[in-house]
Amino acid sequence: MLFDTTQLVVALLWIAGAFALAIALIPLLGTLPPRGRFALISFVTFIAGLFFAAEFFLPVGEDNKNILTDPFQKMQGSLQVITALSLGLGTYGLVRLHLRNAVQRRPQWGYSLVLLVAFVVMAFFSIWNTMAEKGLFGIERTQLLENAFTLLFDYTLIQLDATMFSLIAFYIFSAAYRAFRIRSIEASILMFTAMLVMIGIVPLGKLISDSIGLPAVQTAEMRTNPFMLENILYNLRLPQIAGWIQETLNAPVQRAIEFGVGIGALAMAIRLWLSLERGIN
Amino acid sequence: MEARSIWERMMRIDRRILYVILAVNIIAALMARVAIEPDVPPPVKRFYDTVEALQPGDMVMVSSTWSAGTLAENQPQFEAVLKHLMRKRVRFTIISFAPPARDISHRLARRIAEENGYVEGKDWAHFGYTPDIIIAIKGMSEDIVQTIRQDVRRVPIADLEVMRGVKSLKDYKLVVDVTPSDTLGNWISYRPPDLKILYCPTSVMAAEAYTFLDSGQILGMITGAKGAYEYERLLGIVGLGTRFINAIQFSHVLIIFFILLGNFGMLMQRRASAS
Amino acid sequence: MSYQHAEDNWFAAILIAFIALAVLVNIWRARRGKALYIRRIPGLDAIDEAIGRSTELGRPVTMIPGLTGFGVEAVQALTIFKYITKQIARFATPMRLLTANATVYAVAQEAIADAYNEAERPDLYDADSVRFLSSEQFAFASGVAGLIQRERVAANFMFGIFYAESLIFAETGNIVGAVQIAGTVSFTQVPFFVAACDYTIIGDEFYATSAYISREPVLLGSLVGQDLSKISFASMIVGGSMISTFIGTDHPIVQLLGKPQGWQPFVEWLSQVLGR
């Protein structure tokens, strides 16, 4: 049984009520003057943001929850519903565009046709597969479904995904060849750093360092006497240099950028919450 | 005139030629039987030591959010980690936060489990796909049964032998996050405080994790296929990381060679123009 | 240590309130007419140049918000794209806005329609110019790459959160000879954009973009507030490093500044000191 009857009725009543409320609200919003609309939207935005902010700042009990924590988790669940609805809208837009291209034989309509056929076939077998997995409506897995799903998922989707990712290897090759030139001091630093890290992180870096006679192991004596020659030579090994660049150079810069980004995001969130951000309104 | 055109050509090799050269290089490297011992970096060593310190029967959560796109980087890590966990006879559960990740990780885990005598439901389980990672981690930190309810085979979590004595993430010793995306921040922010984290990112995402390694919020990290190779050497096994490492390192050498070639061409061309 | 609530670390919560206060105070100052300085960001100055080039060549402009889910980054990206669209509308240059998130797609449609309305060219708005391609990373990447190649775009603007697909976009744009300006908070993708794009906007310059473009007092004030917060943080780091050098890392003040559970020991120490 897919749903309990009572649950189904309750769910349908909720959905009908939400529709009725939305249908009533839209004309109401239309009758308001622009300033009134803006005030109403700002108010709703503020209350919604206040809810999340209050949940963070209110003290919690032994169970690490306050009065708003459980509704907060339900709210997050409702965001998933909005995401699912907007996915339907996006899919509709996509199919509409390509259907029109194919029907009206617009330029490159062949690609649109391929998309539509792939969309329908993949959706059909995916939905069938999910229903068979969950045993919905008595649907079972058949050999046709197994073969089709294996062909579409394992032999097509996975391979296409992996192929697109592997394009990056080729693209980074051409991008590095083109961009890493000694045009300026900064470009030179970028180039040399990249080369050091590239060779240092792979086993060849160790092989090169060993072959030129650099100490392979850091002994206890070297650790206690960091300025002794063997320790300096050990730290000139390519893997050590690459590790130093990644951990000691990269990490502080990363933190610095993250500070800025975090503060910027917080400032933007405050502006949106207080409706001070007019950008996309 | 002809000398200048050589340098110009050296600076501006057609990218299609570069792609062919790279492809040939990778194919040749994959077939080559060259084995070079790596210098195992400290994050990988700490990763290995953390798993090695587990006791039989301990619970581990493997968060698997990778799918076909990052197969080459995450699959070697995933397989090596599972083999190590099975060698230590720990119990583990797998959870996915991306839809395609569920099937890929489940199939791989089943294959490796069969090879190592692990029984699904008894020694390990797959919790399937959960859409919202934050809700999932918060929920699992309180009550896994209520949050997840059933495993990927639709068996109720409460009925799984592997979950005996486990109520929430607080009963887990470790979470291993195998991912190409930024799920790490969510694990760090929302996990129970005593739950340790090990991280298996793609090479690109690894740069972001050094701050967390430094602060001790993650205990160890294996980076892409290269990291998987180093981990496999510590484990003494031959896996995908070992098979891919030659392709990786010889591609790096090729890139460096062409960068130097391009710069050499640029310098010679400048000199020729000046004269 | 998790920070699900303020009580987990009150010091962190106080810092959040401090940042909020700094932003709001400077917004108030800006609204009162205080002139605020913002430094030049070359990548943003180049936007008009890129649009001009597209118009001359008669080739479209693409705008890509990446894999951004709907949040502050998406709002910021759409704000920038709205500005670009208003510039494009003046010259009737074709444009494509390609999204990987359906919520962003829904909002983008409205934002772009508004942009054409505000530019007084509603006739130019084509609903099909804003497209949702796919929520799957590499399906989206292949769709964008294909479109850039087929339509031979002349300018490519990438603002938002990107992952591995960033280089696919950037290099494809490079292949067709497009002028490319990228702005992202995704630290790991910055090197790819630097290598393949003409201009790259890094980190919190991305959040400064709307202030830079519009010069609105509210946004400029917010930017100054952010900078003051950053200076305070930097001072705390330097001060904390110096203090911990002299008095050791176990001191409660140092623990407050540097340790996740530092609030409780600090409060206890302070109570003891004040109690003396």
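Per-chain numbering from 1; labels A, B and C assigned in written order.
Operating definition for what follows: contacts are C-beta pairs under 8 Å (C-beta built on N, C-alpha and C of every residue); 3 or more make two chains touch, one makes a residue touch a chain.
Only a predicted model underlies this, so the values are computations on that prediction, with no experimental measurement involved.
Enquirer: Centre of all protein Cα atoms: which chain's centre is nearest to it?
Expert: A
Enquirer: I need the chain pair with the most C-beta contacts, please.
Expert: A-C
Enquirer: Would you mind pulling out the distance in Å between where the CA atoms of chain A average out and where those of chain C do?
Expert: Each chain's C-alpha centroid was found; their separation is 15 Å.
Enquirer: Could you please state the distance in Å, as a whole number, between where the Cα atoms of chain B are centred and where those of chain C are centred?
Expert: That gives a centre separation of 28 Å.
Enquirer: Could you check chain C for residues that touch two or more other chains and list them?
Expert: Correct list: 4, 136, 138, 164, 187.
Enquirer: Can you list the residues of chain B that touch 2 or more other chains?
Expert: Counting only residues that touch two or more other chains, chain B contributes 15, 69-70, 100, 138, 207-208.
Enquirer: Could you say which residues in chain A touch two or more other chains, in rising order?
Expert: Residues 160-161, 164-165, 172, 174, 176, 178, 180, 194, 254, 258 of chain A touch two or more partner chains.
Enquirer: For chain B, which residues are in contact with chain A within the complex?
Expert: It is residues 13, 15, 18-19, 22-23, 26, 36-39, 41-42, 67-72, 100, 103-104, 131-132, 134-135, 138-139, 154, 206-208, 210-211, 213-214, 226, 229, 245, 248-249, 251-256, 258-259, 262-263, 266-267 of chain B that touch chain A.
Enquirer: Can you tell me which positions in chain B touch chain C when the two form their complex?
Expert: Those in contact with chain C are residues 15, 69-70, 100, 138, 180-181, 188-193, 202, 204-205, 207-208.
Enquirer: Give every residue of chain C touching chain B within the complex, in rising order.
Expert: 1-4, 136-138, 163-164, 175, 187-189
Enquirer: Can you list the residues on chain C that touch chain A in the complex?
Expert: My answer: residues 4-7, 13, 16, 19-20, 23-24, 27, 72-73, 75-76, 78-79, 82, 99, 101-103, 105-107, 110-111, 114, 128, 131-133, 135-136, 138-139, 141-142, 146, 150, 164-165, 167-168, 170-171, 174, 185, 187, 191-192, 194-196, 202-204, 206-208, 210, 214, 216, 218-219, 222-223, 225-226, 229-230, 233.
Enquirer: Spell out the part of chain A that touches chain C in their complex, as residue ranges.
Expert: Counting only chain A, the residues touching chain C are 55-60, 64, 66, 82-83, 86-91, 93-94, 97, 100, 108, 111, 160-161, 164-165, 167-168, 171-172, 174-176, 178-180, 190, 194, 254, 257-261, 263-272, 276-280.
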